[in-house]
Amino acid sequence: MNELQEIDKLFDRLFPIMRSITGEGVRETIRILQEYIPLEMEGIPTGTEVFDWEIPKEWVIREAWIKDAQGNTVIDIKNLNLHVVNYSEPINQWLSLEELKQHVHTIPHLPNAVPYVISYYKERWGFCMSQNQLDSLVDGQYHVYIDSEKVDGELNLAQVVLPGKSAKEVLISTYICHPSMANNELSGPLVATALYNRLKNWNNRELTYRFVFLPETIGSITYLWKYGQQLKENLYSGLVLTCLGGKEHRLSFKQPRATNTPMDELITRLNQFEQYEMPIRPFTPLYGSDERQYCSPGFNLPVGQFSKMIYGTYAGYHNSLDTKEAMTIEALLESVDEIETLLKLQELNGYYVNQKPFGEPKLGKYDLYPDINAPGTWGKSSSKKIDNRQQLNQILTILNYSDGKHCLADLAKTLPYPLEDYEISIEALKEHGLLTGPFYEEQEL
Amino acid sequence: MNELQEIDKLFDRLFPIMRSITGEGVRETIRILQEYIPLEMEGIPTGTEVFDWEIPKEWVIREAWIKDAQGNTVIDIKNLNLHVVNYSEPINQWLSLEELKQHVHTIPHLPNAVPYVISYYKERWGFCMSQNQLDSLVDGQYHVYIDSEKVDGELNLAQVVLPGKSAKEVLISTYICHPSMANNELSGPLVATALYNRLKNWNNRELTYRFVFLPETIGSITYLWKYGQQLKENLYSGLVLTCLGGKEHRLSFKQPRATNTPMDELITRLNQFEQYEMPIRPFTPLYGSDERQYCSPGFNLPVGQFSKMIYGTYAGYHNSLDTKEAMTIEALLESVDEIETLLKLQELNGYYVNQKPFGEPKLGKYDLYPDINAPGTWGKSSSKKIDNRQQLNQILTILNYSDGKHCLADLAKTLPYPLEDYEISIEALKEHGLLTGPFYEEQEL
Amino acid sequence: MNELQEIDKLFDRLFPIMRSITGEGVRETIRILQEYIPLEMEGIPTGTEVFDWEIPKEWVIREAWIKDAQGNTVIDIKNLNLHVVNYSEPINQWLSLEELKQHVHTIPHLPNAVPYVISYYKERWGFCMSQNQLDSLVDGQYHVYIDSEKVDGELNLAQVVLPGKSAKEVLISTYICHPSMANNELSGPLVATALYNRLKNWNNRELTYRFVFLPETIGSITYLWKYGQQLKENLYSGLVLTCLGGKEHRLSFKQPRATNTPMDELITRLNQFEQYEMPIRPFTPLYGSDERQYCSPGFNLPVGQFSKMIYGTYAGYHNSLDTKEAMTIEALLESVDEIETLLKLQELNGYYVNQKPFGEPKLGKYDLYPDINAPGTWGKSSSKKIDNRQQLNQILTILNYSDGKHCLADLAKTLPYPLEDYEISIEALKEHGLLTGPFYEEQEL
């Protein structure tokens, strides 16, 4: 089974689960993911105070339906778990159509879509259906039934670390708290899972990668409450993954609140010098996902966000039109490919230190310089990806600017070559003891 | 009597006074102003060395006129105090027309105007008259008479402080040393007096305001000699007020020598984001008023200057055409209004500190967040000046950026609302203990 | 004999010498230069390790020629010292034309030019001739003869210091290692020699000037190995001189690797505000001369480079077309004039300190201010280069900004006068004890 098929199968297992910010749905999701990557699950008990918040009770939902006077089912969460307002109180009552409508949410301008509605922090009950279905209901009595309960339990989250040479960490964070939605829920965990398995196989991992799966907002606040200090000490670069499907959409990057952060500078460089054309969205605390918490002023972590078919901008956002067909597994794979490439470049784009910084080294000694200066010895192609003159240009540039204060993107500004091309030259210099790095903090020469 | 009528009446009392850089004219001016605001007058004795200068003697001027051979008065300072060169030596002599002309100043290109001429630091005598009048004089003998005297005395200045919550001060400085000129002399003291009475009635004064009235140049140098060190310690922002009349003219701001100063940054922000369109003049030591002294390199205080009908750019500058009719009291009131608004915004535009900076606070607890996330709950108007979504945008933005390092203008850059609109949101956050500020220095979180 | 004639004569003496990176040619060149300026010669022995390099042996070349079967001379270094590959091994052999061609270098696209070819660091032998001559050779046997030897000796360089008021130094570095080439070899030493004799006669030398003559690359690396630490401590500004001929070419400046360096900022200022239009070439470690060594990251000295007919861009580069006629002595004199002017301005463009920084000084006391403020006293011309109002503008500006943090170019930004015009005002202020400077580091007020 290839990667695409594996993701597709995992999608089908995760989609039907009735998730909320706490409870069995989150745990079941983590347990399934554990079959793919070695996540460790944790629980924080109901009632725990986390900063300005409190861990809520778990919502247990057993049944929820509306039947008409004849006993015909109008809607039932067995068919679509969006039909009940998430975190709803229990109810068992007969209502007139007029009374019922007070508790039914629709999207008038998308008459076929069932909205996704939540009410975590105020006690309410309610149902969701399509506008068309609501319009088709005839006057009469309706039986509304929600068998739900709020019980002491815990908030669950899970993480796993892939160690690298440096203790500096890259955070990959995604959320697992929405019921059946494809792009807005599962795209993040699926891409994160695939990325873990890609990075696991890198043969030279410079940085340490921390993958975190948690409920949105309250989950990341809880995570920061427990691990925020540790992140502040070790975090080099972080990414929130959300809404990564959509075939015709371009992956885009939301900048962290902090400036001069690694992924932001990398993408800016690629856009400026390599026609990369990745849209960059400025940081805002108004909309988005958990980067809003990671970037709260008390932490101000270098955490950006990747999104492809962006929340709030597509018809299926927060409703039943957010399906696998609209998202596509192929689009998720595109996101995996592109993010993996960027993570690899982020590793290459560290600080380097010239080990012979006083004058130019005698490159001829290392077979890195032509041994005669005569017309016509330059520009000859070789077996390498880059020719000799290009490599000499790179080598002279790397050596001159590798003072521990210029990262690769800085030092490469004066040459027209893409960043990835420098790997050969860097390796050659390291092999001869002329260079050390990459480092992820400025170094003294 | 309304504000405009009061200013008008005060103008009429101050206009005829024969002022110079020292002497009874300055004292009389201060005594009249003391009826309006509780100024304290000070005197620095003649001969005191103040930095590179020395306090000059007082100039006593009793009479000054020219009569023709028939005893007809040609000019007399009883009619216009500009007719004598300010700080003139005494004289009592008969001269031919040719000899007289050596001592008469005119403005050939403004043949009706009597110039204002001074000679503080070189002993001279002289008269000023219109070119037309000079041209009309017939050959013959003229009697010139100046009954003046230079006596030991003092240089006078006056100040008053309006205290605020913060000991950080705003300086408002203006000069009181010219004889009968409207825009170039009285506009500053009249606007400063009106501002004092406006600010006195603010119910929540964050900053402390220091109003200073003094003779130009030698007065501000003397003030700095006496209080410069104190200003260096406490001054947050300063303004020199000069030439604030002129109905069709736009109030403009001359930047301090120092960069990143509060009023400069505020006006720049208003121009950039709020179509404020206030002309900004770069600092220059070449022309201007006392900001040249406050901004001398030994002090380098954050003192800018407001002017409306700017010195040197209007026909009446330094001559008898500088009248109340050319200046207008209405234009002074416009200046008062606009400067008061800017001072108020300068207070709002401080640094704030989020008191719950770790993750977002749970805004729902404070009734600052909608309790359900469903289609169509946003964008509803309310009784407030701004609707709920606008307020939530402001609140999230204020909280995220209130790290004690962003002033309001910095943090408000990402939203399209005018600065003054933030007052409601700031007050709401302060009420719930979520925010402190404004502060006028950067704060630690 | 005027300056031009002297340079011309010196050129003729230096041109025929067979120079290489080491050996008698370098010593002979230095000995001739010592007749013009008091250079001190130094020698570093063969085999000495200098950073990543080692001082090579001296190359002794006695004879080198090719003869045909009839004994006719084809080429001989007696006629042109470029005919032998510089640093060639000895050889004495009969070869077929085909075999000979393996060891002959030409420039096919410049069929009349004899190339200049070196092989310092790999053992080789070879000849250089024009493509036309090579094409004219007929089949047959050829006698190749090179009587050369590599012997222990030393690498030679020479320097001389012109002291100034400040111990801060200006480095003028040029190379003396190429055989008979005009622009690419002799232009630098000739311009440096003339500059020394110009600067020697300045009557008020603020800075200390260090003139250095050495073989390119290995020579500057050796110089840095011996004197690099000293340069790091004292160097204010440095210049490598290379390729300074070419009548129709504009002198241009290659920036140092370090930013905010004195000559770079000066030229940038002149270009921006004085229509100077000197081309500025960004620093690159890829091409150039010894600035690549001075600017290696371990030293990162503020050393730029002047060039007129730039290396690599003209037909005669590194071949026999690089003659006096193509370079012209007149063009060298243009370079001398322009560099001298820039060095003079570099001295003027220091930091100054106002000695009366509290308020404006009372300029009238020093006869630097008009004693009456009346219409029409300004703008009168005087015997000075600049009129009174211009001088007052300069004086007020200098005083206001001379806080030890603004160099002249910074403080002069607000006025439209060329930098050189400030000398009069600066001298006037210094004469009255109102100003000190120039300094070449920031000062406290």
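For clarity, chains are labelled A, B and C in written order, and residue numbers in each chain start from 1.
Methods note: contacts are C-beta pairs under 8 Å (C-beta built on N, C-alpha and C of every residue); 3 or more make two chains touch, one makes a residue touch a chain.
For reference, the UniProt names are A, B, C = Aminopeptidase.
None of the values given here were measured: they were computed from a predicted structure.
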item: Touching chain A (Aminopeptidase) and also chain C (Aminopeptidase), the following chains; value: B
item: Angle, in degrees to the nearest 5, of the Cα rotation that carries chain A (Aminopeptidase) onto chain B (Aminopeptidase); value: 120
item: Whole-Å separation of chain centres (CA-atom averages), chain B (Aminopeptidase) against chain C (Aminopeptidase); value: 56
item: Multi-partner residues of chain B (Aminopeptidase) (at least 2 other chains); value: none
item: Parts of chain C (Aminopeptidase) lying in touch with chain B (Aminopeptidase), wherever the complex brings them together; value: 354, 356-362, 364-365, 371-375, 392-393, 396-397, 399-403, 414, 445
item: Sites on chain C (Aminopeptidase) touched by chain A (Aminopeptidase) in the complex; value: 51-53, 105, 107, 115, 117-119, 121-122, 124, 217, 220-221, 224-225, 228, 257, 282, 284-286, 292-293, 295-300, 318
